[in-house]
Amino acid sequence: MLIFTLKRFALAALILFVAVTLMFLMIRAVPGDPVQIMLGPRATPELQARLTAELALDQPIFRQLIIFYGNMLQGDLGTDVFSGRAVTQIVFQQLPFTLELIFGSIIWSAGLGIFLGAYAASYPNTLIDRMVAIASVSFVAAPAFVVALLSLLLFAVHLRWFPAIGAGNGFWDRMEHLVLPSFAIGLSWVGYIARLVRASMLEVLGEHHIRTARAFGLAERRVVLVYALRIAILPVVTVIGVGMGFLLSSAVFAEIVFARPGLGKLVIDSITTRNYPIFMGSVLVSTGLFVVSTALADLINAWLDPRARSAK
Amino acid sequence: MTDVLLEIDNLSVDYETARGDLKALRNISFDVRKAEIVGIVGESGCGKSTLISSILRLIAPNTRFRSGEIRFDGSDLLKATEREMRALRGDEISIVFQDPMQTHNPVLSVGQQMIDIQHRSKAPKGEKREKAAQMLAAVGIPDPEARLDQFPHEFSGGMRQRIAIAMALMSEPNLLIADEPTTALDATLEVQIIERLQELQREMDCAILFISHHLGVIAELCDRVVVMYAGAVVESGDVRKIFHEPKHPYTRRLIECDPGHIKTRARILPTIPGEVPDLANIPDGCIFRDRCNQATERCMAHVPPLESVGEEHMAACWLNHEEVTA
Amino acid sequence: MEKSQSEIRIIIVGIAKNPLGFMGLVIVGAIVFSAIFAAWIVPYDPIEMNIRDRMQGPSWSHLLGTDQLGRDTFSRVITGGQVALKVALPAVFGAMAIGLTLGMVAGYGPKWLDNFLMLLFDTIRSFPTVMFALAVVALVGPSLQTVVLVVMATSIPTYGRVARTQTLTLRNSEFILAERSMGASMARILGVHMLPNIIGVLAVLAAMDIPTVIALEAGLSFLGLGVKPPTPSWGALLKDGYALVRQTPWLVIGGGLPIIVATLGFTFLGESLRDVVDPKLRKNQ
């Protein structure tokens, strides 16, 4: 188990390393002087010189990369070109908003998806099952940012049920601000998870141990909810872990549409202002988030499934 | 009431399929008395599984009961509500399934599963756990208290089947159905488990319906035997009578193939030339006629009835009707 | 040739038999038709400004109203479909072709190459797609070609992985072993024997991928990082509508609904295509 964990994280670290290196080289490959691009043509020579030194742009590219990694390992991702604040500080200030949105989305959609999938699997080939099937295919297809825009139009602008912009203050206000964006992000997940759970549930319900549980007169509710569902939800964990990149992508759009603070908004702003350190920092953190969540999903699965736990 | 516990009376069961009705069981009759062990013998596909799932009514949705009754303690299970059935399952009627590797839930600990099946008892959880440990000890699992926290995949096949037996006997059932409980195990384990089962049966005084195609085990364990072929009973009766003077050619061939001692075991299942007829399209006459080397005109045209051929002995074969064989 | 034509007919008939598949065929057919004949369908020039008629609600002369520059929304929606397909089709087919090649090489070639390609695929996949797209667009600058390239790069790994898995499975199958023992070249084995067995699975994947790509193109254009204005794109329509969401809500609907309808159409098509192509699933039908 320990070796399994270590291996998983080693691979994650390797992927992160390759990704960051690629990104770094890509930025440096842009034609033109990066300092000029970032500061604009009218910046003072002193300012240009300071930034050049700060980013070690006068060094050969290989050394730049080593300096970058050296700083990164010390938790230093550089400073904001404009405000001079540490990039890590800015990124970690925005991160909670994005995490709040992602978890909010996945909790409601996984909950509803698991329920619908399990329900449909318990009554296969009935009208309910068909309706769930069609609904989930349609939900899966709904792109998050289009759903975000349409729900903004309908529920915030037209019906005025929920606030349209921002993240809110205080617990209930924040929850209220979370409703529409997490609805937009979660909708396609409901369909996806419902289909996944239905398929794995049907498989599990056909296994011998379910027949055993029934042969001991266990209540059908307990057979379905405990004996079958505990196994059927295992793939959901993996899918959510791997889907973190997809969730982050949707979060970028949801944050723009609902003018919420967060990593997505930070990235877009840093692109339009050519603020490379901020851009690099937020991409690094979101990539790291993806890598960690994939590895975490494996670990959670190993924890939920005793068979995987003792697998060598 | 007599001492009859389970009475299968003229039971016919079909499966509705796209090719038409599959006649899985036809006019099955036999009974199991209290505290007695009855063996059911037959090749795979002879209807043993359908019979078991019919008794417990854990059936596939396309199953149709066409005729007959399954009386348990005098009441017809085919007329019982689902609620009444659930009250019987795992209480008065228990079952041990064939494949020990797949019979337990893989993500719940053995202890959890053994506590769960005591759902009818109002006892506190600690007591249920203690009882589970006692049952594990009774089927010969060392260090039962610690092993309760382990998961099924941490046990060997033999151990898992012991656990399955422990679970089945936990409620002290009146009837235990054992569906080829030792087929998946090797011979030494088989002997151990059979002996343990025998001891426990004597202690608890429960009846056992023991399904197997290993005649040696049947001969060792059972009081009476039912021989099934292609969804019908071809011979039934006292175990010694069946083994010493079989009255049906199919039984005779089975015994020739597997001389029947518990310690030796025919790894290759009895092979008899010919094929089992298509149950969706049953030909006229005796069901065994195509594989029988003594078949006559009469066997081609008419189904032989299951009739008494001696005390505690019945068979369904025209050869036992002297006037015809001439 | 005759054989493959009849196979295509069997597949199409199979899809049309399924009600969802039939809907998918109709929707996709309508989109393709309107994209091809866009120039004849549109009542107005989609990029001609007409300040006098700006921000008008839906009416008989402007079915979906006009935008802040007085351009006819309906004409922009129809032409936007053309743009969506211009991005989606080359991107998806390009990614499929490259992914297929790399995947077969990874599955059939030496172990180190396989490891290297897999690491590369995993890395690309570990970038959140949109972040990756944003990074590239930010560096190279927005244009239709950039969008196609970015989308291609992000979906190559998916095709590559599936093609690799299929190749690995087929590699040890009896007919391939027989072929190898008779000394067939690698190119012959991959091209003649494996390709036809892998392409079906990838085609299903591609059909399901088209809506994702359409949504991504619209998303980038919505952020102002996709196709350049004044080219009409569904995403650009949404961008204009979002900026004036209180005044011109019809723009949001005009840009949003086609994306959802197109997504549904391609997804239904992909789903029923899979049921037809995958015999294991067909049996359950």
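A, B and C label the chains in the order they appear, each numbered from 1.
Keep this in mind: a residue touches a chain if its C-beta (ideal position, glycine included) is under 8 Å from a C-beta of that chain, and two chains touch if they have at least 3 such contacts.
Predicted model, so just to flag it, every value in this text is computed and none were measured.
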Touching groups left behind when subunit A is ignored (all other chains fixed): B | C
{"item": "Chain at the geometric heart of the assembly (C-alpha centres)", "value": "A"}
{"item": "Of A-B and A-C, whichever chain pair has more C-beta contact pairs", "value": "A-C"}
{"item": "Identity of the chain that, by mean CA position, is farthest from subunit A", "value": "B"}
{"item": "Distance between chain centroids, defined by C-alpha means - subunit B, subunit C (Å)", "value": "57"}
{"item": "Chain centre separation in whole Å, for subunit B relative to subunit A (CA means)", "value": "54"}
{"item": "Length of the line joining the C-alpha centres of subunit A and subunit C, rounded to whole Å", "value": "23"}
{"item": "Residues within subunit C bordering two or more other chains", "value": "none"}
{"item": "Subunit B, residues touching no fewer than two other chains", "value": "none"}
{"item": "Complex contacts: residues of subunit A adjacent to subunit B", "value": "207-209, 211-219, 222, 226-227, 230-231, 304-307, 310"}
{"item": "Partner subunit C, residues of subunit A touching it in the complex", "value": "14-16, 18-19, 22-23, 26-27, 29-30, 134, 137-138, 140-143, 145-146, 149-150, 152-153, 157-158, 244-246, 248-249, 252-253, 256-257, 267-268, 271, 274, 279, 283, 286-287, 290-291, 294"}
{"item": "For the subunit B and subunit A complex, residues of the former touching the latter", "value": "56, 58, 86-91, 94-95, 97, 99, 102-109, 116-117, 119-120, 151, 153-154, 164, 167"}
{"item": "Of subunit C, residues touching subunit A in the complex", "value": "20, 119-120, 122-123, 125-131, 134-140, 211, 215, 218-219, 222-223, 225, 238, 241-242, 245-246, 249, 252-253, 255-256, 259-260, 263-264, 266-268, 271"}
